[in-house]
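Here come two complexes built around chain A, the first alongside chain B, the second alongside chain C.
Up next, the complex of A and B:
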């Protein structure tokens, strides 16, 4: 039977000397989903991805990717035959041409999709005879994406895939990503572009200072998450500690701003009983992200 | 539209299926990485061997004139033998000196590279995302560099024999083959040291600087000491430069065999340690 979870981690922790880059990270990614992995620079996104792909060893905890133990080098090797990865740093071998790089990568994948290779070469207008060191940043990124998509992989791990691309190519890449997921691949991608995540992801994971601070479906964020603004004469007396669904509370003067994940009616009732006037507003993914990582909107 | 992936496809890839094509790709990559250094080394080796074989007659004529015109000059002992003994002339200038140093320098340069250098260059993420074990990366780099060192040796032998023929100097092929074999064997030890330096020293250029500094230290500090009268006999055995030079009349078992064995064992240990470090390291 096929495992419904393509990625699964438990208590993943990584220390770099005195710095804890990833702390007790536990999450799962469902087969066939597109999951956006968000966080600030240095939040631990790339470290997490590198641990998942066997480039780093976790200090504690572990996980499985495509059913293979990420800590076991032999299992990790077998797993990488079924995974395509585009790194945050899209540097490629300077001494190879685009064509040589494609031939080189193809050698490791019996499942290589020459049809996709041709399609993307045309789509991105990549010059096969040009050395990669003479490619623009955008072309390098497109080459890296071609090398990933043509692997015919079950899992695509993309670290900032659209960084450095113009809007037209960004749109193409997002469409390709959605198409890959539609054809059965699972996509796990990190991005700084919240709009991209909102556009294509069906799940969002937010990491802040190495800790997972949000793991929710994008639909749930759109449909269930709400901002509740309550005005109270004595806001310090508003007590929400026992109320379910309260994600974050900010107090600014007489205004108490709450991000609720669920139980909106219950929270409103509670606030009104304490004498507040209440207003309910929709909340965007951007607001949720900024609230999650402790930055005021 | 072409479907991009198969849902839940549990593709089993046998190692044999990936094996041959993957090895070809790995060695091709290693070749592209080292080809400039290799071609430079080839030019240096051929140039050096051709120069000393083709210039031999003129040098000897000049030395003989010097002997007549400057009888007061205090010539070293090797000088008188080199005047009359062509294989000794070649041994003195090439096997124990310049060709040896060129072989060592290029063995070290050909060994520099690998995952640490890729980490400095920013390509290690792409490299390690491929379904290739770290041992295979190191082995392919080492293997290609070793083949390149052997080719440098073969080029030296061919150049020496061809140019000696052009210069009408009788030169026994066995002399060339055995001496160059010693040079190549010793160069393997330096190649191993270079692979080890690449694994422990981070940065794009730092391993090159460390490797070349180590050669300088070896030839300008250690060797003068081991050649001195106060050096114990055991130090002479492990003096790899002395081992690589062999005796001028090479052809019989002597301390060179033992020294070469020690050098290769130490080299094997360094390669094993380089692999251990590469496997454990986070990239």
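Up next, the complex of A and C:
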């Protein structure tokens, strides 16, 4: 229990036949933190999550979740007792009603929180007697979330928990997430909503085409990342290869645009020494994300 | 407690700074007075739907600045103003002293036809520059976090 890292992976790689879904992922998640996992559809988010939970074997690499080896089937089974997972498809046992499903699930978990169960039944206005196969998409998600939050799990792994929810329920889910982390749980959630991640997460991880392109603290992105724009008569002569903190460089006409992760002062000095006029702008997580993924110009 | 507004997550300003400003402002305008209790970290985080670590950081930093007093096991309170000023020569009074100078500069720049954005960028650049003079040692100590693959198409 002394290990501060709840999730730790090294070199996770997954091939589906000819397609490499996940490439060389190494990251860590600290106890009690909230990590937001962003990426486009098909970027490898769900594959990563399934590997973490031992539901899928990596082609290469490995890792530990709650101290258990994710590649060892017996260990990962024991680990999943302590992890609440909400899958992307929010699948439930279709033949049960909402009430039966709750009663069935809570029987397995001694840490079950009846207070949270009651609170969420009420707030989500779930129809207890309705078979889960007749639930709307939003209600399925809410039922799956109730089962996850009421479990009192040490680690919550939520695959797009707010997808398809209205803003009021979304807010409630974020609030529950914050509260769960405040109670000591660790949360790892994937999302398409940058603002959600900025709002509640300590760390943001961005995956693009199977590769981790950003792993940073949300505050650090805002405080330390900067866009530096330099105007130079001969932009092709601006050389930044040896300068620390340069994340990305784009040239458009006479303007050299740089996204810096740190060492902003050093980069500015370097540019001025090369005869550029320089301006510094804040950069949002959205910009960093858009620049990290998609078209690489 | 409803005196605090929810921070804007998409703003370029980190949430912890937005919340810090709100608390400092509440103290300056007298909405919170010395000795008033601040909400517990966890409940304020849940109420504002922000990370618990964020609120903890805010309280910790405000304590260092002498705005808040943390009493173990009891909670956070607004600190006595006298103590606040003695500790760091009063962050609010320092700001009050600097404000006329900044106002004069900004107004003269506006008279010279500069836009709000231009002024902001100039100040950002100068701040970074000033930091580079005073923090040279710190800068060189920082380790590289960018990798070769992140550099993308470098200009050469």
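The definition used in the following text is that the second predicted complex is superposed on the first by the 292 of 297 C-alpha atoms of A that agree within 3 Å, B and C clash if a C-alpha of one lies under 4 Å from a C-alpha of the other, contacts with A are read in each partner's own complex, and residues count from 1 in each chain.
We take it that contacts are C-beta pairs under 8 Å (C-beta built on N, C-alpha and C of every residue); 3 or more make two chains touch, one makes a residue touch a chain.
All of these numbers come straight from a predicted model, not from anything done at the bench.
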Touched partner set for A:179, first chain B, second chain C, both or neither: both
Which of chain B and chain C A:245 touches, first, second, both or neither: second
Partner chain in contact with A:83 - chain B first, chain C second, else both or neither: first
Touched partner set for A:274, first chain B, second chain C, both or neither: neither
Touching partner for A:40 - first (chain B), second (chain C), both, neither: neither
Touched partner set for A:55, first chain B, second chain C, both or neither: first
Touched partner set for A:13, first chain B, second chain C, both or neither: neither
Which superposed partner A:202 touches (first chain B, second chain C, both, neither): second
Touching both chain C and chain B, counted on chain A across the two superposed complexes: 32, 179
Residues of chain B defined as touching chain A within the complex: 1-11, 13, 17-18, 21-22, 24-25, 28-29, 32-33, 121-126, 128-134, 279-280, 282-283
Complex contact set, residues of chain C against chain A: 7, 9-10, 12-16, 41-42, 45-46, 49-54, 121-122, 124-125, 128-129, 131-132, 135, 139, 142, 144-146, 150-156
Residue ranges of chain A in contact with chain B within the complex: 2, 31-32, 50, 53-57, 73, 77-78, 80-85, 87-89, 91-96, 100, 103-105, 107-111, 113, 115-116, 119, 144, 147, 149, 152-154, 176, 179-180, 183-185
Interface residues, chain A side, partner chain C - complex: 32-34, 171, 174-175, 178-179, 181-182, 194-196, 198-202, 213, 218-219, 222-223, 226, 235-236, 238-241, 244-249, 251, 256, 261-266, 268-269, 278-284, 286, 296-297
